[in-house]
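Report on one structure; see the data block that follows.
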Amino acid sequence: MLQAHGHLIDSGLLSQILNTILSKGADYRITSFDVGKTPEEVSRLELELIADDEQVLEPLLNALTAFGVFEKSVPSAQMIGAEKDCCAPETFYSSSNHRTEVYYKKKWYPVADQRMDAAIVYDKSADSFRCVKLRDLKKGDKIVCGSDSVRVYPTGAQQQKKGELFDTFAFMTNSVSSERSVDSSVEKIASEMKRLRDSGEKTVVVCGPVVVHAGGADALASLIRKGYVQGFLGGNAVAVHDIENRFFGTSLGVNLKTGEVVAHGHTHHMRAINKIYTAGSIKTAIDEGLLKEGLMYEVIKNDIPYCLAGSIRDDGPLPETVNDMIQAQSEYAQIIKGASLIIMLSTMLHSIGVGNMTPSWVKTVCIDINPAVVTKLSDRGSNQAIGIVSDVGLFLRALDERLN
Amino acid sequence: MLQAHGHLIDSGLLSQILNTILSKGADYRITSFDVGKTPEEVSRLELELIADDEQVLEPLLNALTAFGVFEKSVPSAQMIGAEKDCCAPETFYSSSNHRTEVYYKKKWYPVADQRMDAAIVYDKSADSFRCVKLRDLKKGDKIVCGSDSVRVYPTGAQQQKKGELFDTFAFMTNSVSSERSVDSSVEKIASEMKRLRDSGEKTVVVCGPVVVHAGGADALASLIRKGYVQGFLGGNAVAVHDIENRFFGTSLGVNLKTGEVVAHGHTHHMRAINKIYTAGSIKTAIDEGLLKEGLMYEVIKNDIPYCLAGSIRDDGPLPETVNDMIQAQSEYAQIIKGASLIIMLSTMLHSIGVGNMTPSWVKTVCIDINPAVVTKLSDRGSNQAIGIVSDVGLFLRALDERLN
Amino acid sequence: MLQAHGHLIDSGLLSQILNTILSKGADYRITSFDVGKTPEEVSRLELELIADDEQVLEPLLNALTAFGVFEKSVPSAQMIGAEKDCCAPETFYSSSNHRTEVYYKKKWYPVADQRMDAAIVYDKSADSFRCVKLRDLKKGDKIVCGSDSVRVYPTGAQQQKKGELFDTFAFMTNSVSSERSVDSSVEKIASEMKRLRDSGEKTVVVCGPVVVHAGGADALASLIRKGYVQGFLGGNAVAVHDIENRFFGTSLGVNLKTGEVVAHGHTHHMRAINKIYTAGSIKTAIDEGLLKEGLMYEVIKNDIPYCLAGSIRDDGPLPETVNDMIQAQSEYAQIIKGASLIIMLSTMLHSIGVGNMTPSWVKTVCIDINPAVVTKLSDRGSNQAIGIVSDVGLFLRALDERLN
Amino acid sequence: MLQAHGHLIDSGLLSQILNTILSKGADYRITSFDVGKTPEEVSRLELELIADDEQVLEPLLNALTAFGVFEKSVPSAQMIGAEKDCCAPETFYSSSNHRTEVYYKKKWYPVADQRMDAAIVYDKSADSFRCVKLRDLKKGDKIVCGSDSVRVYPTGAQQQKKGELFDTFAFMTNSVSSERSVDSSVEKIASEMKRLRDSGEKTVVVCGPVVVHAGGADALASLIRKGYVQGFLGGNAVAVHDIENRFFGTSLGVNLKTGEVVAHGHTHHMRAINKIYTAGSIKTAIDEGLLKEGLMYEVIKNDIPYCLAGSIRDDGPLPETVNDMIQAQSEYAQIIKGASLIIMLSTMLHSIGVGNMTPSWVKTVCIDINPAVVTKLSDRGSNQAIGIVSDVGLFLRALDERLN
């Protein structure tokens, strides 16, 4: 990373610098150029040298010094050992969800396991860096401190770097509005899901109980059956209400066909849980032929990796629910790993949880009837989430129809 | 209206009262009976005497006096003349939207033109009562004052009286929730609309511009074409965006097919207005073949009575927009008259306006993605409105499909 | 529970029944009385006999039989033993949050540990009934089945029974509206909190992180210091952001004084967690003088029972966070026990969790800027929650000022 | 406006260009410079020449041609005469709310009366351009067509041009979140209001009825009395409810002190209207001593220019309400003219109306409990509006306290 300040343009310095680089057989990439707007203002240039032969660089740098070019002080990463488990040095670099590189031993190392709010640890034996959550730090871990030796590629830059233009996702807008037709969103998500399925890539669904209440469970079950879903994340409630629906035709006691509140319907979810308890688990209920269809049925029958994370408001919970939050976060992270597309369906809690663990370059779509959910996701750092304000039941059915 | 207070039950008075009525050839209807829960508490009874022969009543009343029964003081309506135009006496009875009767000259008169927030005026020549807005009062109008001589039938009571049970609308719930499947609502509204069309009754649609933005305009146009709509109420904006959509394929500059913001799209609505200005009006644009399809096209082609009410936020406005609010309210009221069903589509402003003018016994459905709209309608007195929280574009398309 | 059907009133039967009861030295309470509105309709009466001397009842019942009075068939509770742990019989009675009694051995037993969605278990040794969550059932537990032998007192009835009128809470309305002045709510909650503190009763606060973001943490800390709070329920996030605020003056990176986003502020919550990790726990950070003020400081310094429940979206979590949801629910339930007032501050997740465990007669207030939260609480059965739609930061400060 | 494309930097052309300009006694301002990032990419430069002596320009331009510099084809504005009233040529330039200039007769003319969605008309006699709404166009008006000769300064640019940095408003963020403390916003708005008052500048308030319901009317009345408001815009409802409150202590029938629904309170707003009708107008009611305090009282007593715009949902309306929307828009525009600050208080309808008429450089703050309102304002082009999600009653009181 080289820098030059001053009256680069009118002095002719700039052209001399660039011509020198090329003449020495190297190449350049201008990373930043603030042009002085008026004759009085100085310009600031930052560029990277690119050379196949590293031996070219040293003499070139010396040559450029003559033009006032100095190496921007990218210091080698400062790393401090953790004094005890779970504790980072005070100045530890806290990661974002963007692609990150650390400058060390004169080169830029990519960081593995990218996620927000982690420390970056250097693994000496593998000569590599990766994100580690504070609670997973071990005494002695070498932790990157300060931000001088770290560079970050925000999403757009990253996409260009990979030569992708995400044409199908070009509908991204920051504005989260209920005043939009969802047709084009359905169309684009459908074709992306198809593309991913056909190329063996991974789509993960994060699913709230509203999907069942709003009449979208059958459509989502159908998408799973057709192979469009490779991971399923939710909580206890979505499973309870899906199973209530299969056993009693209701969701929270409301008949999903007629929309009427059924007598004693408010006890149905507890009866559903009791049936599963009696069978032993959702899986055994399926194996024994007790549970014959639905969302959880398709998830389990099709061996979709899934995790139902527990919460303070759970009834039951169902035997498959993971009640330890540390374990649930681990299972979520495992399922998200390598996903190309994450579809968040009307659950703020689990969506924010997923957003925390997901790199910013994973395409993320969030469908919710409440525009505030996407605003909040974005406030929490998951800016890549594209918000679609719609009725999740009707939306899923339109998506499923489109993928028939 | 007769009343009795006291220890009616344990004293045996109650049976004596009722037996006396029957023995005199009259009949009774108990309108209210608060039973004393314990021996110490008194009971309160209100009943109406029913007799084919009015001559029976006088002696019967005398006979009942012996049991402590007294006539509840329903005084004949007190009426005071308006001292000047637009001004009611200070104690004027301000109407609700429920069916109302006034006691006068020893009988109950029904009130015509029922709406909320009106005065009740007696027309001597026709010997009848009707609701009149304050601003329409004329000096000398006889205005009902106080509430002692007025009785009101809340919606439920009214329905029983008419012997209808509104089975198809039995899904009424007060709870306005986005966590419901809209399937059953679509089903019920569809069958009600069909029933009304087939029996020659009137369905009125109140329509906001979101219907266009959300991709519901074609479905609504189709419903109009198929004869399901007998009145169309909206503002300037819904017409502007519908016409923008027909001329440019966009709504507020967003391409409705692709969801993309079109270059210079934000000027489209003004160009659409300019085209209509140049043609002279929406009607002439249709007549000249300039405007060939869409919501306004179907409204005008099918001679649906309509009114576009102006507002402070209008662009243009279009020539058909009614810019005087007094006139717009009159036209709205005229179109609502006699409606059996009102469907409010994502416009708080016009829906509250319509609610103000509509009797409580008109079935009213309000579809909005924002649950607060229905809460607000209800706060403003339109408690009969059934709220459906959904995506209005998807909803209208489901409705139209169902009615194919 | 006695019942009589028929033409009770005009036949004079009713007065005979009541007089007979009184003449035998017993007393009555009419629990239900549907009066036939017309001579053709029959009336239906239900009443309870009250007698100090139980020996009076037998002959009295015989005497009443003559008038067609029959004992309503309240069968003795049917109880079935659990066949294995966690599993109730299929027809188990699933509890509501209302006060409940079970009819057994000819009398009504109150049910202890009232909460919604539990089974009711009979403890033979103590001759008593109590609510037990499905997951806590043990093989052999005697579980009430069916609803014929169960009676429930909805909140209103319960209040009358206890002779309380909750005057100070008479502002209860179902309508959840943002269009209300909060002054009177502040006033009433303040005087209720004062009354409870002065009489040694228990107020529990359920608190979301928005309290910190919205600038209400100091006010709530002040209320705790002044003795108005006897239990504190929340999650990891409220503690993280409170501590971030104390260490860095920010909440989610936003300076709470200036409202500006602070450079690198998005890392502050992780640095706060790291400081606590390094200290060992919040408690040790306080003991060591590292954390000197704030919400968690006051909670811990004042020995307020508290529980921070973990969730799938936690950063850290802090050492005091309870990550096992079964344990967290137990701790929550323990803290709620005996509460007279629960104040829910802008957290849907924890509020629904608390609602699930709380009897319906506990006064509950929910302050949130989003009206949907209270609707959802009510949909989940916590109908007693009074919703106040306001800015929780300004609200808490008004409350704290009022209690100075 | 000059342009140059090509390998400007490495070729040294750029420095030659700039040096030539300076050497001829002229100056430059670089308006745009896309730097080629790699040796292969070309750069694109746009700059403006600045010369005190216009005679310098011609020879300088010739000199620069040698370096491949060409004048960017800013054509003189094409103007077409309106063929009839209200009708613009099809290709008319539809204005934004940003500061705009038209290139004509070799110079840039500023456009007067800036607002969005207008045509730009050239007034030959005054040799000037201004925005004219379509409906105000007259046959023969010279209307700017196409966008080639128009340039626009978005808000940021404009502010820099004027040398202002709006430090006090540096809290602008796009994110509309309810999770913010409003303290700093109160502080900043207060100091800006004070600054404007003290310097004789103009603050305009746009006010919805929620201000009354939420208990903010007294605070706003106090701000008016203290001289902080120079224009008041609203509708009929805010005046009705303010006056209801003064006459009956209620707002929509709810007692503002106790929060209780008052018996017959739902008729109060009609009684308030009737009282005003009887007095003749709000003004006469004040003059006669009938109306003695409140929002409308202060507005009228202090001779604040105001406009109450009618709407389809009005009760009454009050005599001061402007029922013709064309006239109401004119009055609004007149009051907005020259405003330095506009404060929008919980009324989407009037706020969007105001946004349509307001140049983008007027500081605009929108306080609403519903985050969607600000999103919608922004969708409608009023991007400058800073949203504050809070309880408007508490907010106004905090603001008034701060300005004591």
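Chains here go by letter, A, B, C and D, matching the order in which they are written, and residues are numbered from 1 within each.
Here is the rule we go by: a residue touches a chain if its C-beta (ideal position, glycine included) is under 8 Å from a C-beta of that chain, and two chains touch if they have at least 3 such contacts.
These numbers come from a predicted model, not from an experiment.
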Inset, instruction - Could you find the chain whose CA centre sits the greatest distance from that of subunit C? - result: D
Legend entry - Distance between the centres, which are taken as Cα means, of subunit D and subunit C, whole angstrom: 49
Inset, instruction - Report, in whole Å, the distance between the mean C-alpha point of subunit B and the mean C-alpha point of subunit D. - result: 38
Legend entry - Inter-centroid spacing, subunit D versus subunit A (mean Cα positions, whole Å): 38
Inset, instruction - Hunt down the residues of subunit A that sit against at least two other chains at once, touch-wise. - result: 178-179, 252, 370, 372, 379
Inset, instruction - Would you identify the shape of the chain contact graph, picking one of line, ring, star, complete or other? - result: complete
Legend entry - Interface residues, subunit A side, partner subunit C - complex: 83-84, 86-88, 90, 92, 94, 96, 117, 134-135, 147, 235, 252, 264, 266-267, 269-271, 273-275, 277-278, 309-317, 323-326, 328-329, 332, 349-350, 352-353, 356, 370, 372, 379, 381
Legend entry - Complex interface listing, subunit A residues touching subunit D: 9-16, 18-19, 22, 27-30, 33, 35-39, 174-179, 371-372, 375-376, 378-379
Legend entry - List of subunit C residues in touch with subunit D within their complex: 170-171, 173, 178-185, 188, 209-210, 213-215, 251-252, 254-261, 369-370, 389-391, 393-395, 398
